Amino acid sequence: MQAAQILINALVLGCLYACIAIGFSLVWGVLNVINLIHGSFIVLGAYLAFGLYNALHIPPWYAVIVAAPLFFVLGYLLQRLVLNRVITAPVLVTLTLTFGLDLILNNAMIYFFKADYRKLTLTPSLGSVSIFDVVVPVDRLIATAAALALTGLLYLLLRRSRIGRAIVAVRLDRDAAVLMGVNVPSIYAIAFGLGAALAGCAGVLMALIFPISPLTSSAYLGKAFVVCVLGGLGSVSGALAGGLLLALVEGVGSTFLGPSHATTLSFVLLIIFLVLRPQGLVGRKGFE
Amino acid sequence: MNQSWVARRVRRSFPLSAAVLALGAQLSAASAEDVIRFGAPLPITGALAPEAVKQQQGYDLWAEQANKAGGVSVGGKKYKVQIVYTDYQSNTPRAVQATEQMISQDNVNFMFGAFGSGAAKAASTVSEKYKVPTLAATASSSQVYDQGYKYLFGTFTPNDTLTTPLTKIIKTKVPDVKKVAILARNDLFPLAIAQEMEKSAKAEGYEVVYSEKYSIGTLDHSAALSQIKSLAPQWIFVTGYTNDLLLVRKQMVDQQMKAPVVTMIAGPAYQEFIDALGPAAENVSSAAWWHPAEQYDGKDIFGTTANFVKLFKAKYNSEPDYGQASAALCGALFQIAIEKAGSLDRDKVRDELAKLDVVTFFGPVKFGANGQINSLDPPVFQIQGGKPVVLFPQAIKQGDLKIGVN
Amino acid sequence: MTRSNIALLVLIAAVAALPLFGGAYALRLGTIACLYAVLALSWNVVGGLAGYPSFATAAFFGYGAYAAGVLLGHGWPLWAAIAFATLSAFVAAAALGAVLLRLRGHYFAIASLSLAEVLRELVNNATDLTGGGMGLNIPLASGAGIMAEATFFFFAMWGVLLATALMAIIVGGSKLGFALACIRQNETASSMVGLNTTLYKAAAFGLSACFVSAAGGIYAAWVHYIDPSDVFDVLYSVKPIVMALMGGLGSPLGVACGAFLYLGLEEVVWRNYIQIHTGVLGLLIVLLLLFLPHGLSSLRPDRLWRRAKHV
Amino acid sequence: MSELLRLERVSRHFSGLQALRDVTLSVARGEVLGLIGPNGAGKTTLVNTICGVTPANSGTVTFDATEITRIKTYQAARLGLSRTFQIVQPFSEFTALDNVAAAALFSQPGASLKGAREAARAHLAFVGLEAQASQPAATLTLAMRKRLELAKALAMKPKLLFLDEVNAGLNSAEVERATRLIHELAAGGITIVMIEHLMKVVLNVCTRIVVLHNGTLIADGAPREVISNPAVVEAYLGQKYAQRSAGHG
């Protein structure tokens, strides 16, 4: 019985992890930038959901629709005005720059929202549903469904739309894309905007389940790292594969080794994958 | 990927102007006419930031009351009170640096300890060396007071004073409790409480079927909780800070975990915990070093507990919890000691603190030889009907333990 | 022995004069300044010279703090504990480097970043050895008064700084430094001319670890109480990079100046903006990277016209 | 003449693409072997496989009587296998002198930096670059960089030198000068394997030619015979043209 419960937990959590990681993976894959603000974007999204729910009673699954454009614009401007100036710099500079930006954003959130923990509690609490004594909370199911919808939407965008094809082209080979007439700087800005929108939406969904505080941004960022490396970069399937693997490892690990070893296990797994299979489960070798 | 863009070695014949060390060193020390300055290092940023807000509220309330009453009388002369804050970023080494900076640079007269047992302990080494009396408002672990320091005092009784009375109540009130599960945050204070709990439980003959730690920043506890659920303990004991306990409690409800007794320490005492969880907080039991329902008639500036609660609500319009109360108490105790010593001499004030035996709004205060208070019975309480109800000590009992948490 | 290296040694000698006129707090700042310079100079060997973006400094620092802390707890004298921490860090980092340094760019950055995470969790869970989440008490190395202890630890850290600076200078002029420069410019071409890249990279990673570990050990003895989330804090990995970028990558003198400058800024910012100092620090980092990618040393007038040509 | 390099049934594939198929080849000491074939025939892959950049998936490579199939690139360099790159790979921030010094320093373990710099100066003089000794490599012209590659290869005191299209992108005067250098090297007794498209140079310098097409050796012999061999012409110019030229032999 317990095995089924762990499996279901891992499945549900895995989709959430995928949703947390997909924006980060897109920015890393396309712009070749490790975006350390990603965690704080998620927390900002959670605050937005908290504000909308308490002030205007807009439940999170609708708030996602509000969050996406807002965060897209935020991401687009941030890339255009700040990140674009150092986009050709080595990883050292871009990574440290996003670290600096994260310090600013995180500190601003502590300053304006005060650091204490907030929890978005839906007044008609949704309780949980149980299928032959495996119990799953409804709000988590909704978040997982929305997460899958979000990743599916991105998958379609990348596959079907012109912008999507251009983004994938830039990810595969920037120089070739330029020759094909792709306006790379604007694609960078759009991709970063998309990444921020995905982070914001993930944050809104997380607000359903986890407490909201600027201090959780590093936890979200850590998960995004591990999921990207395990699953493989810049692709939706990679994020899903990585998310599910991480959730399974943490679930099994904490059951048999104790919860405090779960995080250790995930980072050890990260290093093993990095050394043996840097392109991840489903990624393709051949790009930095 | 060729990295010559920045990493190119730049040949330079002569470096920048002289080292900037001098730039950072000096800060003008405020002129100290008749003002008593108290140093208060707080984790304003970083993981413990929510606790800093509470501590500051306690200190400010006392300072305001003291100054409103004309200040602290030192040998007949009235001195204003000023509290010097600094942010040590929830980083213990920074707390040590902040303590030394306040003592040697800002020339504070006395010190309030940093938040929590770890930082308070590390910083106490510095204040001990400078022989500055320090009152730690939130350091409960006995390890903090095991270095034989003379200038360190703490207003929280040892951790076992929380777990032992609780275990006794459960032993008498809930006879069918046999198996106990303990889940603790891997941090000094929560881990120390969990270890004390394990001792008290085993002393009462309970079988501890699960005793594990969860790492700081864990987002998802469902794996650990489902394992606990499969062991079906009657008593689930979880330690951590407000955020962790909110998360654990919510995920227990998500997994429909039921148990006759669920105890959580250091969360339910906070109003945010009750507001955030609503019905899920029902019947969760806990223990803390102080509770607004207590009725003590103190000799300190606040007088009765009720008066303290009234003043606190007037200033911050929220129920005070034990963290805020303890911070205000430290101010009040310093005031009593200074007025008794009749001087700002640190050794005299220290001796007064050591000899202290006074009833305050917080309860009877008497420090043991190691500086840790040993005269209080921390109240045990349970959340009933959305309000914390005191179960122990007998003097302020408000209700009986309700069984069954779902 | 280039002029900039001589200037570096002169600068370090000048720092040694601090106890003559500084109080206990100035000594504390001086000790932290030496610590920062050790971190930055050590990082520079693998980050500046070899061009590998290492975020592993925090892992080595934490390792040194706990290795020495545990040994001091078991009665070892301070110098023995520090020596062990230094040597074991070199060997461990060299072995680890041979594996991790096969990765490049982002992948190496992430692997080195998660090194500190893994080490912190291992220490967190080895409760009986390291005290785990409860932290570790380290017995007082010397029970003397305030000034005596402050001066003792200042010179201990200063000694490590001197050793690190000498290492940086020697490596800069040696075959190892030359090899690392080749690797940074073009690793494939380097192996084509017979350069055993794995060996030299592992040596560089070891050198970037041993003195940081020594500094970690002295730090542990100095603060008497350490806990995992403090000594494995990611800031110990990021700060040396910002310092090196501030001073101008590659040259030991620039990096050391960057370290001292960073401490000055951090102290001023931390003192005056209680609520928003992390934000201000973030702003400094962003402005530095956007407008002064070659570090402040590129501000000198005679270099300005050359920089203009680049833009 | 004793044999210096032997390849037996060497194959190499890149996940599906069969770059080399059962190549068997032997190179004697002092030979100047021309390695020709259309683009994508696997010429550079063959050199990379010998030097250990892309180790062979099957078959064996023996050099100077020691098996080097699984060798690491830096070990190959130290055994005296040195090469120039089709796309030039200098250490751009180093001066020309340091570029060559790097080769001298690391190819002979135990060499000192000072000694390597002195040796480098001599090699630079040999290729006529001593005037540019203290110039950063990035500022050299293409022709100069090609010669710098040559000087670097020489600094490794090679027993077997691979020249990968060393004349590509050079004007006729520069080709003339490069060919003279290769003559001098061959005269000095260094065994050379040249990947080259300019038939004029091949015929002028090479003592023997092998032709690679789709990863397999399709011809091996004296330069004159090989270039008139119909299979070779077909490989280069396609089916139709081959019949016509065969018609009037």
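By letter and in written order, the chains are A, B, C and D; residue numbering begins at 1 in each of them.
Heads up, the rule we're going with is that a residue touches a chain if its C-beta (ideal position, glycine included) is under 8 Å from a C-beta of that chain, and two chains touch if they have at least 3 such contacts.
What you see is a predicted model; the values in this text were computed from it and never measured.
Participant: If you take the mean of the Cα atoms for each chain, which one ends up farthest from subunit A?
Facilitator: D
Participant: Please tell me whether C-D or B-C has the greater number of C-beta pairs in contact.
Facilitator: Ranking C-D and B-C by C-beta contacts puts B-C first.
Participant: Any idea how many Å lie between the Cα centroids of subunit B and subunit D?
Facilitator: Measuring from centre to centre gives 74 Å for this pair.
Participant: Just curious, how far off is subunit D from subunit C if you go by their C-alpha centres, in Å?
Facilitator: The mean C-alpha positions of subunit C and subunit D differ by 45 Å.
Participant: What's the distance between the Cα centroids of subunit A and subunit D, rounded to whole Å?
Facilitator: That pair's centroid distance is 49 Å.
Participant: Determine the centre-to-centre distance between subunit B and subunit C, using the mean Cα coordinates as centres, and give it in whole Å.
Facilitator: Each chain reduced to its C-alpha mean, subunit B and subunit C end up 34 Å apart.
Participant: What are the residue numbers in subunit B that touch two or more other chains?
Facilitator: In subunit B, 1-9, 45, 47, 186, 213, 215 touch at least two other chains.
Participant: If a residue has to touch 2 or more other chains to count, which residues of subunit C qualify?
Facilitator: 47, 51, 104-105, 121, 124-125, 181, 185-186, 245, 275, 278, 293
Participant: Specify, in ascending order, the residues of subunit D that touch 2 or more different other chains.
Facilitator: 92-93
Participant: Write out the stretch or stretches of subunit D touching subunit C in their complex.
Facilitator: 51, 53, 72-74, 77-78, 82-83, 85, 89-94, 98, 102-103, 105-108, 112-113, 152, 156
Participant: Enumerate the contact residues on subunit C facing subunit D in the complex.
Facilitator: 174-175, 178-179, 181-182, 185-186, 188-197
Participant: So in the complex, the part of subunit B that touches subunit A is made up of which residues?
Facilitator: 1, 3, 5-7, 45-47, 49-50, 52-53, 183, 186, 212-215, 217-224, 226-227, 230, 242-243, 246-247, 250, 253-256, 272, 276-279
Participant: Over in the complex, which subunit C residues touch subunit B? Could you list them?
Facilitator: 3-4, 7, 11, 14-15, 18, 22-26, 28-30, 32-33, 47-48, 51, 104-105, 121, 124-125, 132-135, 137, 145-146, 149, 181, 184-186, 219, 223-227, 229-230, 233, 245, 247-251, 253-254, 257, 260-261, 263-268, 270-271, 274-275, 277-278, 293-300, 303
Participant: In their shared complex, at which residues does subunit A touch subunit C?
Facilitator: Those in contact with subunit C are residues 28, 32, 34, 82, 85-86, 89-93, 95-97, 99-108, 111, 222, 225-226, 229, 260-261, 263-264, 267-268, 270-271, 274-275, 278, 288.
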